[in-house]
Every structure is written in C-alpha cells, then in structure tokens.
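What follows is subunit A paired twice: with subunit B in the first complex and subunit C in the second.
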Partner chain A sequence: MSFPGKGLLKGLAVTMRTMTKRSVTAHYPDALPELPPRSRGVIALIEENCTVCMLCARECPAWCIYIDSHKDTIPATTEGGRDKSRNVLDRFAIDFSICMYCSICVEVCPFDALHWSPEFEYAELDIRELTHEKERLREWMWTVPAPAALDEGAEPAKEITTAQKAAERQGRPTP
Partner chain B sequence: MAELVEVLLRVAVVLLAFLVVPLLVGQVEHKAMAHMQSRVGPMYAGGFHGWAQLVADGVKFVQKEDVVPAAADRTVFKMAPAVALLPYLVAMVAIPIGPGLVGQDLDIGLFFVVAVMGVGVVGTLMGGWSSANKFSLLGGIRVAAQLMAYELPFVLAAASVAMAAGTLSLTGIVEAWNPWWLLWQAPAALVFFVAGLAELQRPPFDIPVADAELVFGPYTEYGGLRFALFILAEYAGIVVLSALTAVLFLGGWHGPWEDQVGWLWTLAKTGLVAFVVVWVRVAYPRLREDQLQRLAWQGLVPLVLFQLAVTAIGVVVMSS
Partner chain C sequence: MKRPEQIVVGVGAGAAGFGDHERGGGPGMATQDMVLNIGPQHPATHGVLRLRLTLDGERIVACEPVVGYMHRGVEKLFEVRDYRQIIVLANRHDWLSAFSNELGVVLAVERMLGMEVPARAVWLRTLLAELNRVLNHLMFMGSYPIELGAITPMFYAFRERETIQAVMEELSGGRMHYMFNRVGGLKEDLPAGWLDRCGQAVTAVRSRLPQIEDLIFGNEIFQARTQNVGILSRELIDAYGVSGPISRASGVDFDLRRDEPYLAYDELVADGVMRLSLRAEGDCYARFGLLLDQVQVSLDIVEACLDRLRSLDRGPINVRLPKILKAPEGSTYAWTENPLGINGYYLVSRGEKTPWRMKLRSASFNNIAVLPEVLTGCVVADMVAILGSMFFVVGDIDK
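Here is the complex of A and B:
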C-alpha cells in the first residue's frame, strides 16, 4: 500500500527503531576492544634471534628501522684455529611515528626476530619518545600472543615436516 | 506589597524555566539523536551519562574570546544575540501551564506570542546583516525568505484555533478545547508545527545555516558567549513552539486528573512535541531552498486555508 507521506513515516520509523536498539559505540577507554588475531599493534623484537642481517631495515618502505652493529672477533679456541667473527647488535630502534604498519619487516626477517603484538596504547606527548629502542622492543615481546592454531585439516608447518623427516631418517621415534 | 512579591515570584519562575528547560531539550537532543544514530552521545560530563554536558559547554563558551569582525557593524552585531533570545523569554511569560499557572494571562495571548516569536527571527537577520561576511549575508537573506514564506501559514494555523475557540486568550483556548479538536484541527496542528520548525530554522528547514554551503549562515562570525546565546535561542524557540503546540492543539492541561496534575499534562505534551522536533531532525535531510518555498506556498498555505474554511463551517454549525 502506498499513500502520500509514506516515505516520511518510514524515515521516522527507522530512526525510532534504531533508538530502541543497542548502540554500536565501542566504549574504548572504559572497555578494552576485542582485537582480531594478528592485530598489528606494535612490533616486538627478540634480540637474541637477530643476526643483524639488515634485511628488515633495507626492506622497510618508510626507512624507520635504525640498526647499528659492530663485528666482534671471538679468538680461536684451538691452537692454530681461525678467529670467529660475529655481529653484535648495538642499536635496534623502530620509529613508530613513521612506521606505517605494513608488516614487511616482520615478514622479511628470516630468523623470526620480529613479531606483532596487539598492544596499541603507546601514545606519547613527545614525538621522539615514539622511537622505541631495543630494550623497549624486547619488552613488547611479553605481549606477543601465541601463534593462532592452524585450520582444521591444514598441512603441518614446513619446519615440522622437515624435522620429522630428519628424525625418521635417523630412526628415532617421532611424536 | 503582596502583589509585588507575587509578580517577582512569577518572573523568577519563568526565568528559571527559561534557563533550565531549553538545556533539558538540548540534552534530550544530544542523547536521543545519538541513540537514533546508534551512538551514545556525551557520556562523561557530570558522571552519569553526560548529564552535565551542556553545563560544560556553557563554561567553555564563557571562556572564549569575544571577537567582533573589523568591518562589522559593531552595535548591531553585539545586540543581535539578545534580540534573538529575549522574544522567547517574553513569549514564555504568556504561555499557560495549568489553570491560573501562567506568568501573565493576556486577553490577546495568542496574538502576542505569535507576534513576539516573529521578532526572534529579526535577531538572526541582524546577525546576518551586520557580520560583514558574504556567508552571513546570504544566510540572513535565506532567513528572511523563510520567515516571509512560513509566517503566513503559521499565523493562519493559529487563527484557526482562535476561531474555533472564539477567543485569543491562550487560557481561554485551552478551556474551550475538546478532544475531538484533535481531528478537526489536525491539519492546522500539522501546519503550525511544520511552519514553526521552519521559523526556528530547525532541520530539515535549516537552509540558512546549511554548513556545506554557508559555513554557519548568519552565525558564521559569532563565537563564545554570543554564539551560545544564539544556540540557546534556538532551544528556547523549540520550547516555546512545543509549548504552544501543546496548548493550542493538544489540549494543554486536559487529561486524566487534570484538577490535580494538569500542569504535568502540559509539560508532558510539551516534552513530547519537543521530542518530535528532535526526531524530525534526525529522520530527514535538509530541504533545498526551492523545495522549502514550494512546501510553504503550494503545500501549507492551501492546506491551512482549507482548514480555515473547515473551522468556519464547524463553528457556524455548532453555534446554530
């Protein structure tokens, strides 16, 4: 049925119905949001895993990863042996005022040294404070959630298959 | 002496109502509009669901600098907010809440209130003219055009009830009111409400302040307390319009137990109409200037003329 003014009444009905429903507002500071898994909040660094390969710093489109390192020589332990050299991380910092959360650094790190943490409450009054040094990046590591479980029926991760094959070759029992 | 005390008391009560009720309407608008848009509106000021938001706004407005544009007509510019606000205060004096519960019962109350409401628009017009700003000027001209178009149906709709009641006194009109008037005077009620909205420049008739076209129309150059006064005038206007609609068309204090709580009925009806004002604001988009004029001249004016004829016939039939 249609009559003049039907559209007007419909408009009123829609707004009235919306008013009786719960609002969709997220009450953020009072109630923490439910973030989806893999939320990109802040980047955490496991310093021990980092080999200073510089891949992340080079791939970062925003050039906001700062890495300083030096080479350390470990004297040979055996007579006539060769001195070993290894990279030591002096500084690792990410400037979150420039970072655009593209996740390229996390993807590119071959040694799983960088991880996403869902924490997002690190606003600062001074922009310089947004450059997180490696100690702070290390602290974020505690907030990194365990990796999400694989989908049902998915292939096991590549590392696990390789490890299992290696174990089988040596005739050890596999889990 | 006793008379003086009574007059002072009445003035004080009206003043208090004038300061509090518009804020209440404003708060209802904040919250109802928010929920109609699936938001929650102010939540913090005052602690419980942001009840003190408008008080906080007021405090903020008071702190602002009082800026007058260099090219503005200073006196007119400074007077405009007062001219916009005061008529509604004056109108409130004459609106009866219950039998005998009125600031000042006037024999020509209806005439007085309608005349005074027209003056409120002049304040906006003054603001638009004196700001020396093209947006303000265009807004002011739109206000004038709107006033011209809607004052006629507004007054004619009021005249229809006056004819039906046979008196211009607002108290007299309410006393003559009969529930079946709801049907008999329905077109007049509709026209009165719509034309009143347009005169207050409330959405969907807020063409003078159309922000996408005119920044903020006549109020563009205003800030701080003067701006707050204009906003207060808008809400006071809603209160006056709602109270008038309730008194003229919805029977004022008529209702169950009207001898004891008649004034509550008036207030409840006023609140209901004020809510509809907010509701309409949320539901409809702004009209275009030509649509606005067409609605007035091709819709409301013929409708209210028809209503006048119906009222006249009704009065003649009933008195014979």
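Here is the complex of A and C:
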C-alpha cells in the first residue's frame, strides 16, 4: 500500500530503531582505539641494527629521512694486522610532516632496523617538532607489536624458512 | 550613463579576480546575465572544483568547470620514481579508490614483464578491489544526500565504511592509502583468521544495507529533487567518454570487469557472481541508485573470493623481484574498472627503472567534462543535485 509520506516514515522508523541500540561512536580521547599490529602509525628505529647503508633514505619517495654518519677506525688487534673501519650513525631523523607513510623504508631495510608502530598520538604545535631524531625514534620501538600470525594458506615467513634451513645445515633438529 | 551589461557575483571564497565573461546580455537585451562562481572553495564541490555559471534569472545558460586548482603534475612525478614509488603516488589521485588505482600500475608493469602472478594474489586482489568499491560507493551514498540536505544517511554510511575499513587496515596497515600492491603480487600475506573477520564484516554490512535503503531511497523529498533531474543521454556519454556507474545509470552496457576481464573477473562472470548493474533512466536518482546495486554485487563478489581463497592451496602471495626492477622497452595500456569509472595507465618504458612516460587516464576528468552539457538549461537549485550525482573526486580530475 502506498500513501504520501510513506518513504519519509520508513526513514524515520530506521532512525527510531537505531535510537534504541547502543551507539557505535568511539569516544576517542577517553577510549583508545584498538589498532591492528600492521597499522602504520609511526616508524620506530633500532639504532643498533642500522649499518648506515642509506637504502631507506635513497628509496624514500618523499626524501624525508636524514642520515649523517662518519667512519671510525678500529685499531688492529694483532701485530701487523690491518685497521678496520666502521660506520657510525650520528644522526637518523624522519620528518613526519613530509612522510607519506608508504612503508618503503621499512620494507627495504635489510637489517630490520626500522619497524612500524600503531602509535599515532604525536601531533605537535610546531611543524619542526615533527622531525623525530633517533632518540625519539628509539622510544617508539617499545610500542612495536609482534607481527600477526599468518593465514594457514600462506607460505611461512621468510625469516622462519631461512632459520630452518640454517638449522638443517648444522644438523640440528628443526621444530 | 552606460548601464552595466553583466553583474558578476561570487559564492564561496576565492571568487574575486575574474574578468568579464564573453557572454553578455548586450545592449539590446532586456535582462541581465549574471556570472555566478561556485567555488573553488565551496562545500558542494567537495574539493577545489570551480564552476563558472552564467545565469539568466534562475536558469543556467552556460557552465564552465575550471579545473586544475589541485594539479600536482603526477605524470611528471611518475617519471622520476621507480615502480614501487609510483604506487605511493598513484594510489592518491583518487583517494577514495586507492586500491584500484594501485592495481592499474602493477598490472601495466606485470604485463610489460610478462609476469605470472600467483593465484592467491589474484583472488585477494579481486577481493580487495571490490571491498574498495564498496567503500567508495558508501562514501557517495553518504555524501550525496548531505548535499541535498539530508544529514542522517552519512552516519549510517560511515558506520558501514568503518566496518570494512577495520578489515582493510588489519590487512594492509592503511585506512585510505593501502599501499598493498606490489609488482608481482601483494605486500604481505593474510593474517590468521582474516578471512573469517572479513566474512563477518561483509555479512554485517549486507544486513544493514536495507537501513540505508529505507532511509533515503523511498524519501519523497529526495525523489522529488533527483528524479528526472540532470538526465545524461547516451550521445553525451559517447561524446565525452563518460564511464563507470554514471554511464551505466544511463543504460550503457559496458564494464571492463566483464568486457575486458582482468584479475579473476572472467571466472566470476562465468560463475554468474559478477553481474552488471544497469539502470535506464539516466537521472540523478538512477545514478545514486546504481551505487546501491553495485554495492550488492560487490559484496557477492567478495564472498565468492573469500570462498575461493579458503579452498586455494598453500602458496606464495607475490613473486620475488630483482633488487632493481626494470620494465623492458616498449609500451602498454592497462585499464581497470575503478569505482568511479575507467582508470587507465599508458606506460612507456625505455628499459630504465623508471618509466619514460606514464599517462594517467582518470575517470573523474571525463565524467566532469560533460557537466556543461547537462547543467545548461537547468535551474540553480538543481545544480548541486546534478553536480553531486556525477560522483567525482577532485584529485582524480586535477591529477
């Protein structure tokens, strides 16, 4: 049956029914969102893992990673041996006002020095404060979650297969 | 004293500083024409599209869309980036269909390389492209009624968007710019239990879609403002290259997913899951209604993809790439059916790690080009209804 205003009433009925249900709105500052481990919030750095290979800075499409380093000489430990040189990281900074959160730096890092953390509360009043130096990037590291377990149909993670192969080579039992 | 022939009025910020419009009333005419600037900063243009309307009373006698306020020179930027970096930029021109935008780039490069993509990746890509379509359409199903004065549907549409965005974020880490496609597959495999959570999200959205339908589709005020308003004819669609849901709402039986299948769409068409939604009227209401039809079909496709992914053998999600990826010399054109229409990338490579040229054909540019033809002869009150029903993203127009 059709009468004028039927569509309007139908719409109002939906609103009425929804009114009796619990609200879906998340009250953000009071209730923090639950973010998945893959969520791209902020980039964290383990300084010890960085070898200053510059891959991240070169691959970054926005050129927002700043790296300064110098070479240290380690004197020879044995008589007549050669001095070794080693890269030392002086500055590692990411400018999050330029960063496009594309994850390329994390992906290319061959030594797992960069990780994603779902933390997002680092808004600043001054844009210069968005350049996080290595100390601040290190702090984010404590908030990095463990990676999510993979689906049954997925191939095991590269790290696990490499570790298993290494164990097999050494004749140790594999899990 | 000479009487002014034309009055120039601006609505919205930035309306100042324009010259005389070439169309004037002329000394012999009794009425004056008024040039009305809509935008560039105007809520109805959701972004920085500017329309110069010439009005004769309430009637629009001419319309000129002024585009380019958001031009970023993306094609030039593509030329100095490798194929992974291009994905970062490519997913941003139409920020509501990021996944589909990425897809065109990787399909083009894969075709140049002659690369075979693993089955898991193909099905997961199809699934995500359709989820992306649902997200995009839900956005317009919420924002279009707002432009016509109905605020409530937005909240319902955004509740559904949030449900789907949660699963998208869990998988890709991003909420809008997924950055999940890679040449040869996808970035990472599924997290454990994701297929079930995705299935639940789809069921939840499907169960609540009738609410959106009840809220707005039967509404007499909404119908009065959209039915028989802004009818887009087949001739105009052919002349301007209009594509996507807008063209199908005028009965144009064309969809790349069926007519030039990519990913797993040929199988989905054969199984009857992928059906083409068509409407004949071609007015604002048909265009809006088609979004709902397409959402239903997309949810069906997502469920079919979920079933298939569950039954697929264990396997990789991507192809291992060389350290430096170079597309061989040559050119190709990869086009996909994006949520808003045909999105194409013409890729020319000279064997470098960056493309020599990458032309972007975006859907919104052509879809908005037809506006002057549709708007001419309408009244100002219908302008927003027609403009909103063309479903465009300004970033996609200006590139």
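Operating definition for what follows: the second predicted complex is superposed on the first by the 171 of 175 C-alpha atoms of A that agree within 3 Å, B and C clash if a C-alpha of one lies under 4 Å from a C-alpha of the other, contacts with A are read in each partner's own complex, and residues count from 1 in each chain.
Going forward, a contact is a pair of C-beta atoms (placed from the backbone, for glycine too) under 8 Å apart; a residue touches a chain by one contact, two chains touch by 3 or more.
Since we're looking at a predicted model, the values are computed, not measured.
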- Message: Looking at A:61, would you say it contacts subunit B, subunit C, both, or neither? Reply first, second, both or neither.
- Response: second
- Message: Looking at A:6, would you say it contacts subunit B, subunit C, both, or neither? Reply first, second, both or neither.
- Response: second
- Would you check which partner chain A:21 touches, where first means subunit B only, second means subunit C only, and both and neither mean what they say? first
- Looking at subunit A, which partner touches more of its residues: subunit C or subunit B? C
- Which holds for A:102: it touches subunit B only (first), subunit C only (second), both, or neither? second
- Which holds for A:145: it touches subunit B only (first), subunit C only (second), both, or neither? neither
- Task: Pick one for A:154: touches subunit B only (first), subunit C only (second), both, or neither.
- Result: second
- Task: Could you look at A:40 and tell me whether it touches subunit B, subunit C, both or neither (first, second, both, neither)?
- Result: second
- Contacts on subunit A seen with subunit B and repeated with subunit C across the two complexes: 8, 11, 14-15, 18, 24
- Going by the contact rule at the top, pick out the subunit B residues touching subunit A in the complex. 32, 34-40, 43, 279-280, 282-284
- Counting only contacts in the complex, subunit C reaches subunit A at residues 81, 84-85, 87-89, 120, 152, 156, 159, 162, 169-174, 177, 179, 187-195, 211, 214-223, 309-310, 312-317
- Task: Would you mind writing out the residues of subunit A in touch with subunit B in their complex?
- Result: 8, 11-12, 14-16, 18-19, 21, 23-25, 27
- Query: For subunit A, which residues are in contact with subunit C within the complex?
  - Reply: 4-8, 10-11, 13-15, 18, 24, 35-36, 38-40, 59, 61, 100-104, 107, 116, 148-155
